[in-house]
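Lettered A, B, C, D and E in written order, each chain numbered from 1.
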Amino acid sequence: MRFIVRRLLLFVAALFGVSVVVFAALRILPGDVASVMAGLNSPASRVEALREQFGLNRPLVVQYADWAEGLLRGDFGTSILTGRSVTSLIAARASITFPLIVLGLLVAIMIGVPLGVAATLARSDAARTAFHVAGLIGGAIPALWGGLLLILLFARGTGLIGLFPSQGFPLDGWAAPGQAVWSLILPALTVGIIVGASLMRYTRSALGDIAGSGRIDMAMACGMTRAQAVTGVGLRLAMPQLVSVIGLTFAEMITGVMVIENLFALPGIGSGLVTDVGNRDLIAVQSELFMLAAFFLLVGLIVDLLHRALDPRLATAADATEVIA
Amino acid sequence: MWRRSEGKFALVVLGLWLFVALVSLFWTPQPLLATDGYHVWAKPSAAHWLGTDGTGADVLSWLMAGSRTNLLIVVLTVLFAGAFGLLLVAAMVARKSALAGASVVVIDALISIPTVLLALILAVPLGASITVIVVACGFGYGLNLARVARPAALLAARSSYVESALAAGASGWWTFVRHIVPNTLPVLLVQLSLSAGTAVLAESGLTYLGIGVPSGVPSWGHSLATSVKFINVYPLTVLWPGLIVTIVVVALNVFGDVLRDAADPLSNPELRRS
Amino acid sequence: KPNAGAQGGNPSTVETGGNAADIVTIGLKLAPTNLDIRNTSGSALDQVLIGNVYEGLVARDGNNQVVPSIAKSWEESKDGLTYTFHLNDNMTFSNGDALTAEDVAWSINQLIKNQYHDADSLSMVKSVAADDDKNTVTITLKTANSNLLWTLTGRPGLVFDKDATYDAKTEAIGSGPYTVAKFVANDSITLKANPRYWGSHKAKTATVVVKYLADDNAAVNALKSGDVQVLAPITENLAEPFTSDSEHYTVKAGDDTDKYVMAFNSKGKNTSDKRVRQAIRYAINHEELIASRGGADKALGGPIPSLDPGYEDLTGLYPHDEAKAKALMQEAGYSTDKPLKLTLTYANIYGTELGDQLRSQLAKIGIDLKVNVVEFSTWLQDVYTNKDYDISLVDHNESHDFYQWADPTYYYNYDNKEVQRLYAQAIAATSDDQRDELLAKAAKIVSEDAPADWLFNYRVTTAWANGVSGFPVNLNQTLLPLYNVTYTK
Amino acid sequence: MSHAPLLSARNVNKSFGRRADRRQVLFDVSADVFPGECLAVIGGSGSGKSTLTRIMLGLETADSGTVAYAGDDIRRESGLVFQDPFSSLDPRWRVGRSVAEPLRIQRRDLSRDEIDARAAAALRTVGLDPAVFLGRYPIDLSGGQAQRVAIARAIVNEPRVILADEPMSAIDVAARIQILDAFAAIRETRRETALVMVSHDLGVVRHIADRILVLHDGRVEECGSTDAVLGNPQSAYTRELIAAASL
Amino acid sequence: MSVEVRGLHVTIGGKAIVRGVDLGVADGERVGLVGSSGSGKSMMSRAIMGLLPANARVSGSIMVGDRQVVGAPDAALADLRGRYMGMVFQNPGSSLNPVMTVARQVALPLRLHYDLTKTERLDRVRAMIAKVGLPDDVLGKYPHQLSGGQQQRVGIATALITSPRFIIADEPTTALDSIVQRQIVDLLVSLVDDAGASMLFITHDFAVLARATTRCYVLDDGAIADFGDTAALLKHPTTPEAANLVSAARTLSLNASTLVAGNGDKAGGASALSAEGAGSRGETGGAHTQPPQHQ
């Protein structure tokens, strides 16, 4: 219990820290949204007028307080450039990015965990080597390149075996769920295969450690076959570790996702962020960055709590340091 | 190391990398800066073994020169991550439980922030630069390193040999440098080699997003990013940097595994011969 | 004969029959961030909204000539100070409101009063008055301005509904053949035929979707896979698979007013030395640059492109001549052994290739060019606003923009009294010939002074699937009337 | 055996944990160690044996009570031997380096050669041939050998007190004899050295101890000479302990 | 159930760990296996259970009842394990599943081998937990919430829940203090005897050996160095390896007489005291396969 309270306090503190860092960092950027809006060939007076209109001339502390106060109310402000509420902006983009991440993760888990188990169970050296090499190569492919290869292979219209659309998101978005999912398949496969390969290695090493720990022996002595013991007992024991790994992977996937979004022309958070930074739409950018950071902090928090829930030994420990590993 | 086939592979690839990076400082098949607008996207020829890119520059020369940038990035990132990670490990195994507890929780919180977010924020004041890659990756991987190394480090920190050393009057620092680090080294080596590989991958991703290596600086990510859009027209030009990155990353990962086994007296009986 | 260029640019003569698709998807590159055409700069808005959603008092055709639009005709007083526009009858906005002279006058007056984008191009306007009974609008000027009509074809002449209230950033209510049905920032705009459209440019296709494909590869894949039927622009080098597949695709480059202006800071520490500037102009091999880009672009020796008044082929002024360039550098005190360090700053939207090529070409004459590719907003701040740069590179795609060279406060820092005088005369000219002559004269002086090098006149390459007709090829990055577009499978 | 204790603990109390988890593991424990004697600390698992020795050595601080040492700095004049021979030797250090570590920490005045010589001598004392063992790694030692290396490490700086916390429960019977022989050899050569040995193996204790301290649930159950405690146990708990050990 | 090991060889990574072992446990017999660390005792037990690591090469024969273990498919072995064979591990802390409650842990072999309702299962588990002397409230606890002695009892309960006919106990008491150690040994012996099962007891503690077994083998470096009646062997070891171990044990025992008197209260080992008990030793190599005369 004390742990949870402490972890929550830390979460809040981290959120505050992130908000300050994000806000401050963005103010160092040269140029502002007013000059972007005015563009070439507008007189300076117009830029100044726009600045005044958007409140960009107020002291930074006031601007921060204004923003932070909005955040507390759950109001992320209004994007100056697009005129839309940042909340709806983020929601629209997140409705592409998060399904993509989740799909990618599903692919990764579906590839990584069974292969990891298979690699653990493999009895012949040749099979083990094959899994090893596959895992190594899969995890070493740059997302950008892997995506291109998949496009070359499977993109509808251009690929060798045209199956899936390779760019864009259906205009109707999730109103047409079939199409929406369809357009996310290649991107999700790209992220999923790469992440799945490393997940496979994690699964294998976690299972390997457990297989040597006597718990598998015990289960087998009770009458399980090796396969049963590894999938039943081993996976369950590896779960806390795997949850942590997946949590981290989740966060790290966003890099690949940003690249992939650009490559597949998906108007998600990744591609949106880059444009917004370019346009100096700082209110939108700071809220988006803050939201993303908050989201990943939240994932971290959930993973930590889940980790504890999954391991009864941790559930009663006051401090993670008390239990090794 | 050499005796195992994967060790051979890793050493050959990494050796070649180092060699090419050094050579590229003095010599490339074509001058790096030479562009030729009349011969863009040329097919491989005697003068241009891998053809030319969109400016008519020699692809091979850029890849060779790119190897030194990537080497620099990898070395700096690994050093940064290693130093930062070790610092965190030191904090986590500190005998002051407040420091240890706080560092664990802080790491757990920070580790969930993706590298690319950090890079995006860093790129704000710094612009696209190698520094962005090194600092963002180094920071993220350092956190990762600390987290992964924690069990081994804690095991060592609470071991009787550390107790014995402490009982004999050793300082905490002595035990950290002489006992805890060497006994965490296998994990550190593997993790650092993973970080090195990830840094190569991150370079290509961040450069593609425009927050990595600045224009005009040769790097594999640069070669990849500039040729990517021509994949339908000139697929070979995209093939090379991607292939190089993949092979190098595999080699780095394998290198870590093999190095761990080869450099650790526990797993390498050779080293135990007196 | 409005939009002759658009028609002329399309070789496909397939008649649209019953099997014409009721939806055409078009892939463009630069996306607008919002729809507020009165406040937000950027040609992406002009491209998609003008002539499609909003209409101007007058319009432009594919040859950059002024043609009627909301005004069916106009008269100009002898002294060039009064313009009377006669409007069409029974015009309506897409919301059903009638479009009257009142709306026209209100729109222009608001622009001037609120200093909306481009308001300063109407600084010579004294008053705008509507006569609803006669259905006319009268514009009175303080000084004669030969550019007024052309100016009114752009944003300053757009007519908005005085009585409508809507969020201009996300919605648009105009009088054009299309309405905006859906707008996803940075992604797409869905245009639906305006059922209340009053004029002769009735939409031939019910729905036109404009997709913004920032990534070139995604764009090519989109056309290949049939997700879009038209791509404009497409990088010439990337069009190869379409060029070679003429059975299914058509690729064509159109004329445009895009000038890749490589400006030398005329007050810069090193670039204030005319010899250096001239040396750079001699050193640059334009032909090679154009060749590397696929060969569609046109060489441009001065500030005025062929579609603009005052054009004259000035490419002979600074031919590629490395020896001469070297000699000039030598005079200025530099050589390959003792190179001059200069920084080229430009926005990342133009890709890194140009920078690499320029560095390579300039290295030969003793210039060590550092290429600094930045975000557009950074460029705006450092170069455009603070004029803190050595060399800059921008695609100035505006038309009729010679004024930049006559304005010493513009970021070029170019200050030539003779040019300023000639330009003022050209503007005050009451005949087009006189105006063109004066502009040509001024342009030549500018080019000789070498305050910049005009790398080339960028010509936009458009690729479309055969079966598409009516898509304008000329000027389509600023002016893209879509009413004529159809797609027959 | 002199009458002034070399090391003495008085009324030591010790608790672990905080708030609700707080648990006292030592209650008013007093113990004396005299020069040259061997004191055995026995008791069930978790009775506080290790904690007591750690407090006496200064590795842990008592909540209340005093620990007095009749010398300068107990850390520099004591040696520590742990139960598990392998975990108490750094697996990545050669034996020679491990044995010499206390010297390298404490005796900055010694030259490298002197340090090596002393480490070799310590190994010889515990019956290991330096030529063979100095260069080995712990993984290549048998349990008995490893434990003797750990003892060599504990005695290398000629401590006045050796604390051995269950030094032989993890090795087989034959190896235990070797360890006992090693201890005997040390007591032979350095008669002043006191030995505190924690153990629950009464056979071993009977073999080596002069006096026995019995701990039970953190309290001193009884304390007396070996013969007295084993032959005529005063408390019920001690009797039970002896009976169980006799099987 | 009887166990017959014939000419067993186990090689791991080219290293011979078990080298030609013949060993037999008759129905209802309690047999000991002693030997110094690393002599291959655990490897023997793993071989019999069919739990050898994947890279181990096995040859020879191991008959459990009438079934051959060597070379049997994993599924067949799984059917054997937990149903007919049970195993008590040395270190309960690292073998009990940390995410299973005691009840689930103990019920595992039942779940795997018998089709019982939940309540039936729980009843049996409860009875078994009571038999090993644990209070009812441990059922819902996790292993880390139990003491070492309690954990070991859970391990024993798990091994015995299906009333297997053959039990292997691999150093089940080394991690425990002497009082608990004694309780555990007695418990194991009584339970095995009550069930009429046979047991192979691995230890290197002679006091424990004498208490728990009637006959024993001495393993040295992967081969049987000596075997025979426990009491006799302890009194008169014939081979040097055995003698070495026994003399060391004797030196360190609290009082020499208890060592041989050990087999004590339960198994009527008093006879072991007599020197004649050793009489059966020295006979043919096959003698040890014969069922002992059990009282």
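FYI, contacts are C-beta pairs under 8 Å (C-beta built on N, C-alpha and C of every residue); 3 or more make two chains touch, one makes a residue touch a chain.
Keep in mind the model is a prediction, meaning the values are calculated, not measured.
Participant: Chain by chain, through touching neighbours only, how many steps does the shortest route from chain C to chain D take?
Facilitator: Graph distance in the chain contact network comes out at 2.
Participant: Which chain lies the greatest distance away from chain E when centres are computed from Cα atoms alone?
Facilitator: Farthest chain from chain E, going by C-alpha centroids: C.
Participant: Which chain has its C-alpha centre farthest away from the C-alpha centre of chain D?
Facilitator: C
Participant: Averaging over Cα atoms per chain, report the distance between chain B and chain E in Å.
Facilitator: It comes to 52 Å between the two C-alpha centres.
Participant: Measuring from the mean C-alpha position of chain C to the mean C-alpha position of chain E, what distance in angstrom results?
Facilitator: Chain centroid spacing, chain C to chain E, equals 90 Å.
Participant: Where the centres are mean C-alpha positions, what is the separation of chain D from chain E, in Å?
Facilitator: Chain D and chain E have C-alpha centres separated by 33 Å.
Participant: Rounded to a whole Å, what is the gap between the Cα centroids of chain A and chain B?
Facilitator: Centre-to-centre distance between chain A and chain B: 21 Å.
Participant: Give me the residue numbers in chain A that touch at least two other chains, ranges are fine.
Facilitator: Counting only residues that touch two or more other chains, chain A contributes 29, 148, 151, 158, 262-263, 277.
Participant: Where in chain E do residues touch at least two different other chains?
Facilitator: none
Participant: List, in ascending order, every residue of chain C touching at least 2 other chains.
Facilitator: 215, 217, 220-221, 224, 378 - these are the residues of chain C that touch more than one other chain.
Participant: Sort out which chains touch which and give me every pair.
Facilitator: By the stated definition, chains touch in these pairs: A-B, A-C, A-E, B-C, B-D, D-E.
Participant: Could you list, by residue number, the parts of chain C that touch chain B in their complex?
Facilitator: Chain C reaches chain B through residues 215-217, 220-221, 224, 235, 237-238, 240-241, 285, 287-293, 348, 351-353, 355-357, 359-361, 363, 370-374, 378.
Participant: Residue numbers of chain B touching chain D in their complex, please.
Facilitator: Its residues touching chain D are 159-161, 163-170, 174, 179, 182-183, 185, 264-266, 272, 274.
Participant: Would you mind writing out the residues of chain A in touch with chain B in their complex?
Facilitator: Chain A reaches chain B through residues 6-7, 10-11, 14, 18, 21-22, 25-26, 28-29, 136-137, 139-145, 148-149, 151-152, 158, 247-248, 251-256, 258-259, 262-263, 273-274, 277, 289, 292-293, 296-297, 299-301, 303-304, 319-321, 324-325.
Participant: Okay, in this complex, where on chain E does chain A touch?
Facilitator: Its residues touching chain A are 46, 49, 51, 54, 74-75, 77-83, 85-87, 89, 91, 94-99, 108-109, 112-113, 142, 144-145, 158-159.
Participant: Which residues of chain A touch chain E in the complex?
Facilitator: Going through chain A, the ones touching chain E are 123, 213-215, 217-228, 233, 236-237, 310-313, 316.
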